[in-house]
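The same chain A turns up in both complexes below, where it pairs with chain B and then with chain C.
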Partner chain A sequence: MRRYLRLVTVQFRISAAAGMAYRSDFLLEGVMTIAWAALTLLPLAVLYDGRASVAGWTVESALIVMAYFMAVKAALEGVISPSLIDLVERIRTGAFDYVLLKPVDAQALISASRFEPWKIFDILGAIALAAYAFHRRGLGPPALADVALGMLLFVAGVLAMYSIWIMFAAASFWVVRLDNLTFLIGAIFDTARWPVHVFRGVWRFVFTFIFPIAVMTTFPAMALLGELDSDTALATLGGSALLLVLSRLVWRTAIRSYTSASS
Partner chain B sequence: MSSRTLRAIPTLLRIGVAETVAYRAEFLVWILTTTLPLVMLALWTSVAAEAPFRNYTSADFVAYFLAGLIVRNLTGSWVAWQISEEIRTGTMSMRLLRPLHPFIAFTMSHLAAVPFRTIVALPIAVVLLFSSGASALATEPVQMLLVVPSLALAWLITFSMLFALGALAFLFTKTMALLNLYFGLYSLLSGYLMPIPLLPSGLRQIAEVSPFRFMFSLPVELMKRPIDASDLAVLMLAQVGWAIVTLVGALWVWRKGLRHFEAVGG
Partner chain C sequence: MIRARDLTKHFRVHKRPPGFVSAMKSLVRRKYEVVKAVDGVSFTIERGERVGFLGPNGAGKTTTLKVLAGLLHPTSGEALVEGFTPFRRQTRFLEAITLVMGQKSQLIWDLPPSETYAMNRAVFDVPHDQFKTTLAELTELLDLGPLIDKPTRQLSLGERMKCELAAALLHRPHTLFLDEPTIGLDVAMQLAIRDFVRSYNTRHEATVLLTSHYMDDVVALCPRIIVIDAGKLIHDGDLRGLIKTMDPDKRVSFTLTDGITDDELAKLGTLLARDGKRITLRISESELPEAVGHLLGPLHAADLAIEDPPLEEILRVMFGKSKEARAGEPPP
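The block that comes next holds the complex of A and B.
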């Protein structure tokens, strides 16, 4: 375990150094964060311009979901996607051989292979947005227990996202050229900006159980608002754990059918 | 276009078809990324289910976003990503050796995918026709006929825009961030997330004249609501105008960018 922690630290240091090399990106990313936040908030503003509440969500609560969306998106774009794009690329070129040769678990090694340090801005933006939403709600700051649960569920949400990515990425062991997966994940994940309750029927089912945006943003937001009952909280944690186990199984099956692409 | 280029076109199209078939998984993923209108459809219909949202009923949203799905499916393009990947990995060098402008080569490879995209779009069109019927759709014959050129122009504007963005990879190392910003603007101003009339007034005025409207919203509008003849003429002319501007712009960015090409890798 200590070994893996050290490994992740080293990887992070290398990625951070690589990130610092592109200093002009720093400014770009900062501007992007602000632009993105505005673009993300506008549809919400339009929706709530005509309605006081949508599917039981007031604008303040919906802003909390949005804050979680920004934070999970930052984790997705900052850690999960870069690493897994790297994986898909290595499978295609055959460089994955070198990963397998190393005396550590390949999944652990690949999952921490790249970071985008600038994404920290998005996390800060998300925290600011959540603070603003609570201020606007005027009921005082959230209780400490709610914050703790909200943080815990955030981690669970990110893990759920990660598991789904691993399962998608594992497909590239079979179909090789799938480097555009990141766009698909991004496109589906984009729905996570809305509370899952605005969707009905089959969509609600899909977004709760199949691509669980509910686990990633809606339930954590409810936890932070102190509106989540303990059953749902447990189910969220359980669901996320289940996804993690499932992704590990898929990974192990997939890796067996790896037929090196190099020479 | 020289006669040599013209002669190459059938071959380029054949290669394009072969590529689409060979990398069908990747193609399918690209198609799936254009399904956001379905999600917006789910969202807006459930919002409008309680009461119409500013004149828009559930049926209106269904018609709007199904039409949008067709437009997005037929006009969507991933050329920006392709170009920036080729520049990043150095394979662009090989393309530059060919006596053919890459704009033509990419255009043909993307046009070859259109029949496959139509196979996906047609069933949606049938569903649209049967679920919405005449009540939510335009029936004016001239207007219906204009949907086709309008789709072609929307395709050209989108393609040129993305071609220019891809070519920016000659100048910047990371174009992904720019692509994200572009897509954010597109989603908002093209009517992809919500019909343009629903935008706040200041933004609506920008959206109405921006090129983004002519990349997505205009063909949808043509399918959906009756537009009187003079407005129709103005809108179509504006679309042609934007097509010319973006095409010339794309080729200009390409020429400027090419001078900075450093051919990574061997």
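The block that comes next holds the complex of A and C.
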């Protein structure tokens, strides 16, 4: 365990150093982060223009979903995708061999291999947005228990996202070229900015059980708002745990079939 | 210690003829072929030995190394390295070995090698003091000096390879699998790497299994060689023994200031090369004393050198024979 803690610390320091190796990129990324945050809110403003609520969600509650969306997206773009894009690249070039030669769990080593430290600003932005939404709502700050559950479900949501990414990335052990993976996952994940109740019929089913954006943003937001029943909270945690176990199984099968690229 | 017993590794590869039609066909029905990359190889290498692993391209050298390093599951047979079954990839096994691949890099591209070293220190859980001592030793042996603080992308190929070696050895492994560690390097750098491998081997009594396209590496470093071709072991023994059985004749080179005809030379041995006044003959061992006496005496030969036939030549003959033998076999 000590070995893993030290490893994560070193990787974080190295990623920060790598990020700053190109100074202009670092500044540009910072500016882009702020611009993206502003753009994210635009569709919401358009949708709620002249409407009091959409699918039972007021604009304030929808802003909480948006805050969760920003935070999960920050985790996705800050740790999950950079690390797993790196994995896909290493499998393609055969440098993944060096990962398997290390005496630590390969999935653990690769899952935290890249960080984009400035994404922390997105998380701060998400917290500010949630605070603004609560202020606008005018019912006072959320109860402490709701904040705790909301944070727990945030972790569950990030793990669900991570599990899905791992399963897609593991496919690159067989398929090798998966250049558009980030775009595909990014595009599907974009729907997570809306409460799941906005979708109907088959889409709601898909976004609750198949690509569970409900688990990633809607349910955590409802928890923070004090509107989530305990059954759904438990199901959310269970669903996320199930995805995690499933992704581990897929990963292990993939490793076994890894035959390593050219010598 | 390394032991391989009847080791095989087969790959199932998708095969299709060129052209658009066959590409379309292969979408529906694929034809597969089993490639026997390693086909029943057995050998044992004792602790502290330096062994050269030779074979033509595609002979199965890298595949064997990868099986021994735990990167590939063998199809059948047994591999045992430092008392461990490699493919289980137990922590203590991975701490005891290293694999250096001349064509792949583990250094972080945008950062100095020192960052990769820090990372490997964490991964291998190397105590701080040991890390400092080992790094100091490697820095001295490989003459790393200022290199470790320069971004990897600014290093030359040779400098990078030296830093790669250090990264692979920071945890002081006992078994070194070196796959083409000198590929693409100039002669001076090749010599430096060779010296380094030899002194690491002596200092730590490390076992070394080396593949290289440069026969000089093998001749200089490895008293014993294992040769494989088409996945099968075709020779395992000491280098001099191999040369003696395959081609016991010596190569004698010398310079003659006086003119001499090819016919006169043919009386001494087989003429291999004549470049101005520099002549190379092939002379059997039994005739060697007399021929050399004649050359140095009446013929006044200068700069005379007696050498074994080059390893490349021996291997070419060997692979040729092995190919002929395969052609004679009934198809599987």
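Please note the rule applied: the second predicted complex is superposed on the first by the 260 of 263 C-alpha atoms of A that agree within 3 Å, B and C clash if a C-alpha of one lies under 4 Å from a C-alpha of the other, contacts with A are read in each partner's own complex, and residues count from 1 in each chain.
The rule we apply is simple: contacts are C-beta pairs under 8 Å (C-beta built on N, C-alpha and C of every residue); 3 or more make two chains touch, one makes a residue touch a chain.
Everything numeric here is computed off the predicted structure, so don't read it as measured data.
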Which superposed partner A:Lys102 touches (first chain B, second chain C, both, neither): second
Residues of chain A touched, compared between chain B and chain C (which is higher): B
Chain B versus chain C as contact partner of A:Arg256, first or second or both or neither: second
First, second, both or neither for A:Ala52, with chain B first and chain C second: neither
Touching partner for A:Met1 - first (chain B), second (chain C), both, neither: neither
Partner chain in contact with A:Leu144 - chain B first, chain C second, else both or neither: neither
Partner chain in contact with A:Leu42 - chain B first, chain C second, else both or neither: first
Common interface positions of chain A, toward chain B and toward chain C: 22
Interface residues, chain A side, partner chain B - complex: 22, 25, 28-29, 32, 35-36, 39, 42-43, 45-47, 49-51, 54-55, 171, 175, 177-181, 183-184, 186-187, 190-191, 194, 198-200, 203
Interface residues, chain A side, partner chain C - complex: 2-3, 6-7, 9-11, 14, 17-18, 21-22, 93-95, 97-98, 100-104, 109, 256, 259-260, 263
Residue ranges of chain B in contact with chain A within the complex: 23, 25-26, 29-30, 32-36, 39, 42-43, 46-47, 49, 53-54, 78, 81, 85, 173-174, 177, 180-181, 184-185, 187-188, 193-194, 198-200, 203
Chain C residues within the chain A interface of the complex: 11, 62-63, 66, 69-73, 89, 91-92, 94-95, 97-99, 101, 103-106, 108, 110-111, 115, 118-125, 151, 179
